[in-house]
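The structure under discussion appears below in the form of C-alpha cells.
Just so it is clear, A, B, C and D label the chains in written order, and each chain counts residues from 1 on its own.
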Amino acid sequence: MVEPWSPFAYLVTNLARFVRPREVTFSGVNSSLPMLACMLAKRAYDFAFTYINVAGGVDPEPSSVPISSSDPVLAEKSAAIFANEDFYDLCTRGRMDLCFLGAAQIDGRGRTNVSAIGDWHDPKVRLPGGGGGAVMLPTARRSCTWRTEHSTRTLVETLDFVTASGGPAHGGMYGVVTPIAVFVHDGDRLALDSWHPDTTVDEVVSRTGFAVDTSRAHPTAPPTDAERAALRALDPDGAFERDTKIRS
Amino acid sequence: MVEPWSPFAYLVTNLARFVRPREVTFSGVNSSLPMLACMLAKRAYDFAFTYINVAGGVDPEPSSVPISSSDPVLAEKSAAIFANEDFYDLCTRGRMDLCFLGAAQIDGRGRTNVSAIGDWHDPKVRLPGGGGGAVMLPTARRSCTWRTEHSTRTLVETLDFVTASGGPAHGGMYGVVTPIAVFVHDGDRLALDSWHPDTTVDEVVSRTGFAVDTSRAHPTAPPTDAERAALRALDPDGAFERDTKIRS
Amino acid sequence: MTGTFVSLSELAARVKDGDSIALGGSFLHRGPFALVRELIRQGRTDLEIIKQSPGYDIDALCRAGAVGRARTGIVAMEGNFGLAPYYRKAIETKAAELEEHACATLTAGLRAAAFGVPFQPVGGLDGSALPELNGWARIDDPYGSGRGAYVIPAITPDYAIIHAPEVSPNGDVRVLGTPHWDRIMTRAAKKVLVVAERVAPLESFQERPEITLVPGFMVDAVAVVPGGAWPGSCFPDYEIDYPAVERYLTDTDEAFAAHLAAAPEAEEAVRG
Amino acid sequence: MTGTFVSLSELAARVKDGDSIALGGSFLHRGPFALVRELIRQGRTDLEIIKQSPGYDIDALCRAGAVGRARTGIVAMEGNFGLAPYYRKAIETKAAELEEHACATLTAGLRAAAFGVPFQPVGGLDGSALPELNGWARIDDPYGSGRGAYVIPAITPDYAIIHAPEVSPNGDVRVLGTPHWDRIMTRAAKKVLVVAERVAPLESFQERPEITLVPGFMVDAVAVVPGGAWPGSCFPDYEIDYPAVERYLTDTDEAFAAHLAAAPEAEEAVRG
C-alpha cells in the first residue's frame, strides 16, 4: 500500500522540485514551506545548489528546523553572512536563479496580491504586504509561490491589487504549488503542469478562478523514497504538518 | 634660544590646528602630512575628536607611524573598520566635519587641480587625479589642503583644470597650509590667516599667484611644547622630515 | 571618546511624539523591543515607523495607539502567528496611515539618505501598482541604454533604534549573524540609539574590528537591557519565547498590561 | 559546493585581451599583484583597468603595454614614490585612454551595476570640471526638494580580481582590516577571481561568518599564491617591501624583467 501524499507533503515536495542544480535559490521571511523545500532538496537530491536565506545563511547546516523561516538557526555553519542588502542586490542585478515569494491572491498571468483584500485605500483585510515581491518577482530568473488553499479566492481572475508582477524577461510567477496542483508559467499565463493523483483535472479547474490551459498536464509524479525520507527527517513528529493550516 | 620651526614641522603643526573638539576628521591616501597632523592632534591637544582614516581605522593606536598614509597599521587597535564606502557616504550625507584632501594647484577661491598640468586632453604632466576631492570638497563641512611648495606654480590665479570645487555650503578649501603660510577661506576667497614668523607678509604675497587679502593676518603662533613633543615622538629620527621634499 | 550610556527610560525619552523611527531587526528577531515597550509606557503618539519587516514591534505600538504612520515592506508576527492583528486593525480603521513599500524600495530610500542624494534608483517594480500608489517617478537612463528605473525619495528617520548583543565601553556596536537592515538604517538616520544585552571589553572589539556594525562615534546613546529583545530572539543569546508571544496576542487590555509588566526591563522601567 | 582552485597562469588565462578588470586593494596594499604580473607575462593587451586608487598595478601594466583604458580616481605609487611613472607616460603619450573619476563616482558606477540599475546618483561634484569632461548628466529631484544629483552610468567590469589572505576550501573569501573597494567590485563585476595567500579550514569561516567578504558561490576561481601581493602589503601577513618597489622603478627593461623574475609567484609561473 502506498502511503498517502498529504497536502502538506505535496506542497513541500513540489516546491522542492523547482530547485535546479548549480543554481542560487532563496527563501525569505514568512516562508516555512519554501524553507522546508530548500532543506528537503539539499537532503533528497543528488546535485549541488546554493541555498541562501533571509537569516544570512549560505548553505547552512541548521541544528534544528525553526518555526520562523528567518530564524538565526538558518545561518548555522554558514561560512558567510549574506545579508539582506546583499541578496536583494544579487537579485536585482540578475543573479538570483530562484526566489520563493509569498502571495495571497495569484492571477492567471502569475501576478500577485499580498497587499489588501478589497480596495487598497479602504481594505476589507489589510494583508502583510509583499516584502521582496515587487522587486524580486520581476528581477529573479524564476520565482515560485504557494498557497495552502486552492480556491477561487486565492487563484483569481482579477487581483484586488497588483503587488508584484513580471518583468521584461518573464510574465510573473514561474511556478505555483497548491495542495492539489502545480502550475507552471508558459510565457503567457500559468498553465496546469500536474495535479495531485488523488484529485482530477476537473476539480483543479473548477477550484481555479482563472482560465487555465490543462492540455499538457499530467498527474504529479509521486514522492520518491528520498523525498519522503527527507521530509520525515525534517518534520519527524509532524509539527510543521500540523502547524500548516491547509484547506484542501 | 628658540628651536627653529622647520617647514616640515610648520606644515604638520598648522594642519593639526584645524582639528576641532568632538568633530570627525579624516585623512586619506597619499596624505602623510595630514596623517601626522591627526596623530599630532591626538597627542598634543587636550580634547577628544574622532580620527578616521582610509585604512578603516577609527581612533586607532598605531604601533608605528607608516610611510604610507593608507597602511593597515593605521587601523591597529581600532574597534571598528570604517571602510571606504562608509566614510565617503558619511561625507556626502553631511556628517564629515574635516577632510584633508590633496591638491597640485589651488586658486584664490579655494578650488583645486589634481588632474593635469596643461590641457587635460594633451597634458604636459598627467597628475594623480583628485581621489575623493570632487565629491568630498563640496560635501564635507570643512576641507583643508597643503602644499610643500609655496609658489605661483602651486597657488595660482587660474587652475589648468578644476578637479574639485566648493559646494552650495561653502566656496572650497577652508584652510591651506604651506611651508610659510596658513590661508583660511573667508566665505568668498582664501585670505592670509598667518605667516611663518621667519618670513614676511610681502614674501608670502609675492610667492602667491592669486590676489590675497592680508588685512587680518598675523604671525603664526609658535609651536607649543606639546606640539613639539608630539611631533618629536612621531618622527623621532627625522625620517618623515627628510622624506618630505619641501621647496621653501 | 566614551560612549553615552543612559537608562532605558532616558533613551526612550529622546524620541518625541511625531518622530520617525527606524527599528532594527526583522519580525521576532533582534528587534529593539524593550525600547518599543518603553515608548508605549511613556505614552508616545503619532510615531512614524520605518522598517522593512516589522511585526511584534509595530503591532504593540499600534495596540497602544502610538503609531501615526507606517512605512513598511511586510508586516506579520511570523512563525505560526500570521498577521499582526493590531497593526492590521490600525490600518483598516485608518487610525494609522500606511506607505506600502517593497522591502527593497524602503532600503532604496534609506540608501538615498545614507548616500546624501535626493533619490535612489531601484531595480524591479515592473507592473506593480506600488509606484502609482506612492507616486514614484520612473527615470529613463540618460546614457541611452533604453533602460530606466523607478527612483525612491530619500527616507531619513529621526532615529535608527537597534538592539545588539554587545557594545564596547565606547559605544561601538557588534552584531552576530545577519545585521538584517540595521546597517543601512544606522547610516540613513539622523541619530542612532542602541539597546544592548551587555558591555563587552574594548579589547574584544579591537581583536575583530571587522565585525563591528556601527562605530561608537555614530551612536548617540546606549541603554544596557539584558533580555531586551524579548519576546523575540537575540542571537546568539536567546531564542524566541513563543508562549510569551501567544500570551501577548490574547485580546484583552489585561493581557497587554500583563505582557508589558512581564518584560525583562519592566523592573527598571518602574524604577525609572 | 566546492571552490574552483586553479594555477595562477590558468587564473590569468581567463582574462582576455580587451577585457575590463576591477583590481582590488589600494595603492601598495593588498592588490592582486601576482595576477597582474601574470597578465604581463602572458602578454595581455588592451585591458580596461577599473580601480579607485591603483598604483603599482596599473603602472606595471602600462609599462608592459597591456592597458587600453583606465577608469580611476587617483593614481600614484604612494609612500615617498610620488607619481606612477609608466602610467603617467601612457596617458601623456595617449598610449592609454583615461576616464578620470573621483573615487566616489567610480564607486557610484559600480554600485549601479551591483544594484542592477542603469545609473547611480552621487553626492558632490559641484563646480568640478569632471562631469562635463565625462558627460555626466545632472538629474533634478523629481520629488521637488529643489536638490539634484549627478548620476553615473553603471560600470560592470568583466572581472573583479582581488587578493585575500584566506579562502575556505569552498572559495569563501576572508579579508582582515579594510576591504578597500573590494566589496563593491565583487558585487559589480560579471565574474570574481581571487588570489589568496592560503586556504584556511572551513571551520574557521563558520566560526566567524560575519567577516567573510565574498561567499564562495560568487567566486569563479581561486589561485593560491603565497606572497602574491608583493611588493605590496597583505594584512596581517606582510608589509610593503619598499626596496623592491624602488628597484621596480629603475627605468630599464632589465630592471623590469628582474622585478618580474624576483616575484614570489615567478617559479610557479615558469612551471605553468
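Just so it is clear, a residue touches a chain if its C-beta (ideal position, glycine included) is under 8 Å from a C-beta of that chain, and two chains touch if they have at least 3 such contacts.
The structure presented is a predicted model; accordingly, all values stated were derived computationally and were not measured.
*Asks:* Find out how few touching-chain steps suffice to connect chain A with chain B.
*Replies:* Each step joins two touching chains, and the minimum needed here is 2.
*Asks:* Using the average of all C-alpha atoms in each chain as its centre, how far is it in Å between chain C and chain D?
*Replies:* Centre-to-centre distance between chain C and chain D: 36 Å.
*Asks:* When the C-alpha atoms of chain B and chain C are each averaged to a single point, how far apart are the two points in Å?
*Replies:* 40
*Asks:* Any idea how many Å lie between the Cα centroids of chain B and chain D?
*Replies:* 27
*Asks:* Using the touch definition from the top, which residues of chain C touch two or more other chains?
*Replies:* 115-117, 122-123, 177, 210
*Asks:* So which stretches of chain A touch two or more other chains?
*Replies:* Within chain A, the residues that touch at least two other chains are 56, 75, 81, 91-93, 139.
*Asks:* Applying that definition of touch, give me each pair of chains that meets it.
*Replies:* A-C, A-D, B-C, B-D, C-D
*Asks:* For chain B, which residues count as touching chain C in their complex?
*Replies:* Contacts found on chain B: 24, 48, 50, 52, 56, 58-59, 75, 77-82, 86, 89-94, 139.
*Asks:* For chain D, which residues count as touching chain C in their complex?
*Replies:* 112, 115-123, 137, 139, 141-143, 145, 147-149, 151, 153, 175-177, 208, 210-211
*Asks:* Where on chain C is chain A touching in the complex?
*Replies:* My answer: residues 26-29, 52-53, 72-76, 78-80, 83-84, 87-88, 91-92, 98, 100-105, 107, 122-130, 133, 177-181, 183-184, 233, 235-236, 239-240, 242.
*Asks:* Note which residues of chain B are touching chain D in the complex, please.
*Replies:* 29-30, 54-56, 67-72, 75, 81, 83-85, 88, 91-93, 111, 114-115, 120, 123-139, 161-168, 172, 243
*Asks:* So in the complex, which bits of chain C are touching chain B?
*Replies:* These residues of chain C touch chain B: 1, 113-117, 168, 170, 172, 187, 202, 205-206, 209-210, 212, 214-217.
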